[in-house]
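Here it is, the structure in full.
By written order: A, B, C and D. Residues from 1 in each chain.
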Amino acid sequence: MDDGKLAGLVTQAANYGLFDRLKTLRGLWRDIAQSLGGAPKIDPELPADDAALLRNQVRECLQGRGGEVSARARAATLGRSYLELNAVGRRNFLKMVADEFGPDTGQVDKAMADVAKASGPAERHAAERSLREALESPRQRLLTQFNALPEGVKFLVDMRAELLPLSKGDPAMQAFEADLKELLSAWFDVGFLELQRITWRSPALILEKIMAYEAVHAIQGWSDLKNRLDSDRRLYAFFHPRMPDEPLIFVEVALVRGIAGNIHDLLDEHAPVEDPKKADTAIFYSINNAQKGLVGISFGNFLIKRVVDSLLHEFPNLKTFSTLSPIPGFRTWLNRRLAEGEDAILEPAELRALAALPAKGEGAPQGFAQLLDSRWVDDGATAQALRTPLIRLCAHYLLEKRSGTSRALDPVAHFHLTNGARMERLNWLADTSDKGVAQSAGMMINYLYKLSEIEANHEAYRGQGKIVTSAAVRALGKG
Amino acid sequence: MDDGKLAGLVTQAANYGLFDRLKTLRGLWRDIAQSLGGAPKIDPELPADDAALLRNQVRECLQGRGGEVSARARAATLGRSYLELNAVGRRNFLKMVADEFGPDTGQVDKAMADVAKASGPAERHAAERSLREALESPRQRLLTQFNALPEGVKFLVDMRAELLPLSKGDPAMQAFEADLKELLSAWFDVGFLELQRITWRSPALILEKIMAYEAVHAIQGWSDLKNRLDSDRRLYAFFHPRMPDEPLIFVEVALVRGIAGNIHDLLDEHAPVEDPKKADTAIFYSINNAQKGLVGISFGNFLIKRVVDSLLHEFPNLKTFSTLSPIPGFRTWLNRRLAEGEDAILEPAELRALAALPAKGEGAPQGFAQLLDSRWVDDGATAQALRTPLIRLCAHYLLEKRSGTSRALDPVAHFHLTNGARMERLNWLADTSDKGVAQSAGMMINYLYKLSEIEANHEAYRGQGKIVTSAAVRALGKG
Amino acid sequence: MDDGKLAGLVTQAANYGLFDRLKTLRGLWRDIAQSLGGAPKIDPELPADDAALLRNQVRECLQGRGGEVSARARAATLGRSYLELNAVGRRNFLKMVADEFGPDTGQVDKAMADVAKASGPAERHAAERSLREALESPRQRLLTQFNALPEGVKFLVDMRAELLPLSKGDPAMQAFEADLKELLSAWFDVGFLELQRITWRSPALILEKIMAYEAVHAIQGWSDLKNRLDSDRRLYAFFHPRMPDEPLIFVEVALVRGIAGNIHDLLDEHAPVEDPKKADTAIFYSINNAQKGLVGISFGNFLIKRVVDSLLHEFPNLKTFSTLSPIPGFRTWLNRRLAEGEDAILEPAELRALAALPAKGEGAPQGFAQLLDSRWVDDGATAQALRTPLIRLCAHYLLEKRSGTSRALDPVAHFHLTNGARMERLNWLADTSDKGVAQSAGMMINYLYKLSEIEANHEAYRGQGKIVTSAAVRALGKG
Amino acid sequence: MDDGKLAGLVTQAANYGLFDRLKTLRGLWRDIAQSLGGAPKIDPELPADDAALLRNQVRECLQGRGGEVSARARAATLGRSYLELNAVGRRNFLKMVADEFGPDTGQVDKAMADVAKASGPAERHAAERSLREALESPRQRLLTQFNALPEGVKFLVDMRAELLPLSKGDPAMQAFEADLKELLSAWFDVGFLELQRITWRSPALILEKIMAYEAVHAIQGWSDLKNRLDSDRRLYAFFHPRMPDEPLIFVEVALVRGIAGNIHDLLDEHAPVEDPKKADTAIFYSINNAQKGLVGISFGNFLIKRVVDSLLHEFPNLKTFSTLSPIPGFRTWLNRRLAEGEDAILEPAELRALAALPAKGEGAPQGFAQLLDSRWVDDGATAQALRTPLIRLCAHYLLEKRSGTSRALDPVAHFHLTNGARMERLNWLADTSDKGVAQSAGMMINYLYKLSEIEANHEAYRGQGKIVTSAAVRALGKG
């Protein structure tokens, strides 16, 4: 990866939280590190000489001289140095840790030999334990020290967010990343997470982050957010006790009558507020993972179950729990299919309907592929002509598996099927925003969580790769 | 270990918390487990047939059918079964888990072979990771599932308390215990702990546990406790977010003028309350580990540092931080020394002083050894005759190392020396309770935490085994 | 009232709270008062010279020199002086305030004249307002200043507790007391009260006060209290935001099946804990006003309604809400009736049954009156013979009115009838404690709160003095 | 007042809070009122027939049938009816209450007669008390009932805000308003207020109100607000326990080095954040009363003292406490002075300087008066020419008294002088916003709170009307 790309990555990562946090951390950690005297001045690109300085800091952290309080000061010093590095410097530093602070090969080999020659279970047990210890890398102890720092857990989460793209294709970096993931997995065990309802009474600090982290249906500002927190809406988030200001994952819910099929209706700030006690349906219309550094450490499943429990407790009249979800991979898949030629993928009647559309003048989009890239949703006749083929193809897409696996191709489908939901209803012109058209051809899908079927659906999907659908969706997919 | 002893162990463990918890857990977990139907009725001694039932439950937990919510229900079912077992049944169950749910030997061997034949660092990294995974035992996954249960972490902590005595001399049980310790160590990392001040405003629920867990100077009742929480006293405890009702470790502090040398003065409920703002010295007069199941997972060091910070913030006038500590191993050590003969361990002048004591009548204790076992502290003349030899011998004891190590023989001394304290002053007739006389010959010692020397002391002790003392204690030890 | 009695009163008032509070207030207010220099040393009996000093302090408080912060310091100084007085000194001080700091007679007369000669409504309105202001006494402004002090509201509440017995027969003191009551009534308006559930998680500080303030069925210690807070019990208290550590009134509730008729069953610490979800009945078995200084400022009615709401929310299965109450005036009333002669108040059959009791030996109690003063509840035969007449007479008593009023004679009956309850069931041998026998001849009564009838009952009692009873109680009262 | 104006008043009052509250109250109170059956449909203008309905509702509230819970339901019904009225209807309703539910004239007359003929102090005391009771109007009891409703206190505060403008020139309405003020004064006694620091962690609900209520230097949006809550800023507000979502008064503070003389520097979102620990000066740059309905119930004085205490506790290095305040009445006063002719109020040198300004072309402002109404602050030369006369005249204005009183003419000056501050420094071009130019000719003034002088200043101003100033301001005022 060249340095230009790297710079981009860091810029990208410099979202809301990171910037503010940098400022805060510098202050907090300076005080803690103070007892050790001033930190050395380091070039942000971390050339070899400065890398040697940091290597030394890492070693001092690992030696653990002077008790745990000193250890904390040293970790703070190292952390501050890291925060001052730019993208190139950070890659250099992470690479150094990956290459130099992994498990000791000699010790591992010796421990393996001891296991191999162990006579009897007693010796074997002891030798296996030594082997496990030998496989624990020094950098794991290093990382653990950051937990004792204020905001230290968030620091590690963000470090993993930076490490993940850098580790592609680099086994040493991957091993480092795996160490970090193991640590975070233990700490972020679902038992430690706290479900909180977010309301207009929540701290502005938290609400500001919800706005920054919402990536499915971007929040336009404070009044949009306030609307999503009104009395007929709910927003729940998981928090961790060591990152109390950072939502980990959150879900937005609308309390309505009947399954909602249009996202614009739900987000309309001017729509009247309904009495939530009269609602029979809860629509999960946006689920967001807020922390890139926790990718692969899953709690979405638990979130939905906990939210369903909480909603049922507050509104015993709720009968139906459903999502209103994007189909993010559809157009990408469809574009690939278009390579087969329009004749190959469209039915004769569909082709005829398209051909019958009146000409729009020079340069106007024509033909299936071109139309798809236009704002066709704004033109009634075109939309009408596209409706049948798009719905049919989308149903096909949704039932498709990722090549060579028993896993649904669409990532959102995979998430909800794993949780035990079923594909319930495909909604036409459900999200006509530019993003909605570009990703999902304006369609959205309801995944239905029927409490009595969740376990069976989950098993069927996990075990035999069965994609559970309603009869309606199944019929479309056969079309 | 025979079954009689086992029964005793469980009775012993059935302290306050456990009994109440059993009641609570049964209720809480019944509701969670309910979805799975009734649990099978199991004989508390867990004969082979019933063991097979539980083996099955463990396997179902590990298969993870039906998503995480079902997993939670299964863990609750298994946990409830465990809670119904008696001491024999629990040993049988733990033994089964130790023997049958450790790492898979075949997988480990294969993974080791892969590491051995790895060509190049990339392959080696990947193979090492696989080896680590192979070494992770199924029972670790099992234990992790309990974290998602209410009170589940406390359940595991208590299980370790039961496992520890059973694992002596049994490598499989030791390996199991090591797995559990590893898990708890990650969760109880010092970064997760919260320091709380305990006051008369604290929940009665917590105060009741403080009373039950205080083992150094037993609390006689609510009014004794209230006295220890008065305005010139402080009590701090560490808590964990997943065990909010359970203190992990706590320390009791008296704010006084000058270093205190007598525990009875500090505990006297009728002593006048002093103005804490005028105090120049904080005396740590009792430090208690409250959770047997967290033995070996240390946070005492951090506690003292955090408490010193907190006290300094509230009372900037404090100049001196010192303990008033028992010397629990002295009499045991002295008893062993007595085997050498009184002439060998006492100075001529000391022998003469003892001989000069007037006779007390038939059957009254005579001679050094006999006197030591009597209530000599109540008799002025005897105490006077014993003073010189006991202080001298005690100073010798305190400076002694555990055989073959560089570690102080006395466990309390080892704890404070590791933390960077120094031995400051030996106090005669400082604890004349029966326990104080029986363990420490009525003496207590101050360990001084001088902030500017802590790190150096810690290093000197840890590195070279140097026991740092005041000149006065050193002089006594040379006598 | 002579000084001996006075001293007694203060001793009596020196209950738990007052003593601790004195200590606290002295400290808190010293700091606030400090800016004014040391307070003058005052003789606790407040002789004339010292009274002049305090008179001056009161005047300075009223002049309000130097802004509100200075006013606060002066109030603190005055408050501290008051706290140092003994019973005689306090009476002297209160008398001085009563006599010298009431409304200005001249101003009142002038304002009345202005009202009288007002021409037209506009002048009348203005003159009436001036009259109201003239009637506001300086001491009211004085008392108000204490609100700005920490614990100042509690100080005034306690001052009223001291003032009440002293004001009997003294119109000036009564006027002072009325001023204080008016102030407290505004502050303790029911809208400001907060209902809190008291549990074993409540601060020990609060629990200790609950124990001190429980006067109906004394709490024997912490384990008795813990039992009353178990999962099948509830304890609710009202608090005021300016007295957060002081319960104002509290009620103890047992969740049971069917209406309970025996207090010992409810208080038995060894009785098994029932599943509260299966309860169909809530028994209010103890209601206590905790603050003597709030006598006549009623919130008991609101408490019961709020507790019923809270219970119904938590336990929708509850069908019946009832008290189990003492009949505190019965024996006093019966003793008066006994003057009529046993023949006059007992039925022939009852007399015969008593006569038929076997003789118990010399000096043993004999006859109705004598037996009543003995521990007859412990003797089966005697109790049997007393049962019919006592129940009959008690029912008569309960239906009796206070002479010349439409108000029930029994004060507890009056309280619950005013709230809209009805007399439901008389319980024989329901409270056989010494106090229960001495006051209520061992009987207790259930007052039933039937939600659909409360308003009608309340109106019938308040309007026409109708005592609503069940058919059973009515029948007994006719006997 | 004609109905058009009335409608305007209500529209004006329909600020943020009111609108949201209406929605909320309707819901909350509907549930409470439900037990009484549906409220009658009432014409929002409240014609005579409908007024009769409400008159009846008021009477029912006062009769208090059915206990306090029913009373609450009736108050809720009445409150809901009121909320549905428009401006005309509300005036009609308030007028009815003012005219018909005041004190009973007959009872007052009788009670006055009893006072007049009282013989001896005992009778007099009793009679005065009866007179006080007779003077208490039924509507006071009515108003008190609203305290028991959720949001009921805020309802009364807002009702007073509506009543105040309507009561001008109407003695009956004034008497009603005085009743309401008396009630609110008791409830909003400074002892009940809670100081809270507002931060970016505060609920968005509160922050939104701060933005709506800030009237001195309007907050432009969330990022402006966030800037005012940064680490070198503080915002404190007083709250009342019965209106926890409503700030009563709040103050904004900047922590700086030296006394600030320019408001734009303080409000600049792009200015660097300073380390507050290095600040030596706290600038109170905005103080806002948030509740129109609490006009005349003062707590500003206490707020400043409490904030100073809080700041000193957090930042012991602070040496200086000063405001940066507008001079809101200056231009109005100056406009009146201009009637005397420019020659009369300007010095010859000042006139010459103005005359020397180069001509700006046709229609451009000329002469002192015309220039003052222009954006002269943007033109260096003009501003220079205006500087001397404006500063001189402003100092004159600041030292002027309200006609016939010893009170400073400028309301902000009066507020701070009453609190014991002194006029410290006049700042040229300190607020060049349109509002700043229009009100204060772009100037601002620092009122200095010197802790050691506050009490003396307060007394000097309150007693002898002395306006305390620095030598510099005094010199300007003499010019």
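Heads up, the rule we're going with is that a contact is a pair of C-beta atoms (placed from the backbone, for glycine too) under 8 Å apart; a residue touches a chain by one contact, two chains touch by 3 or more.
Everything numeric here is computed off the predicted structure, so don't read it as measured data.
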item	value
Taking each chain's C-alpha mean as its centre, the one farthest from chain D	B
Gap in Å, rounded to a whole number, between the CA centres of chain D and chain B	61
Mean-CA-position distance for chain D and chain C (Å)	42
Whole-Å gap separating chain B and chain C, where each centre is the average of the chain's CA atoms	49
Shared interface positions of chain C, touching two or more other chains	none
Topology of the chain contact graph, where touching chains are joined (line, ring, star, complete, other)	ring
Chain-chain contacts as defined at top	A-B, A-D, B-C, C-D
Contact footprint of chain B on chain A as seen in their complex	65-70, 102-103, 105, 108-109, 112, 115-116, 121-126, 128-129, 131-132, 135, 144, 146-149, 152-153, 171-172, 174-175, 178, 183, 186-187, 189-192, 241-242, 301-302, 305, 419-420, 454-455, 458-459
Residues on chain C engaged by chain B in the complex (per definition of touch)	200-205, 207-208, 222, 226
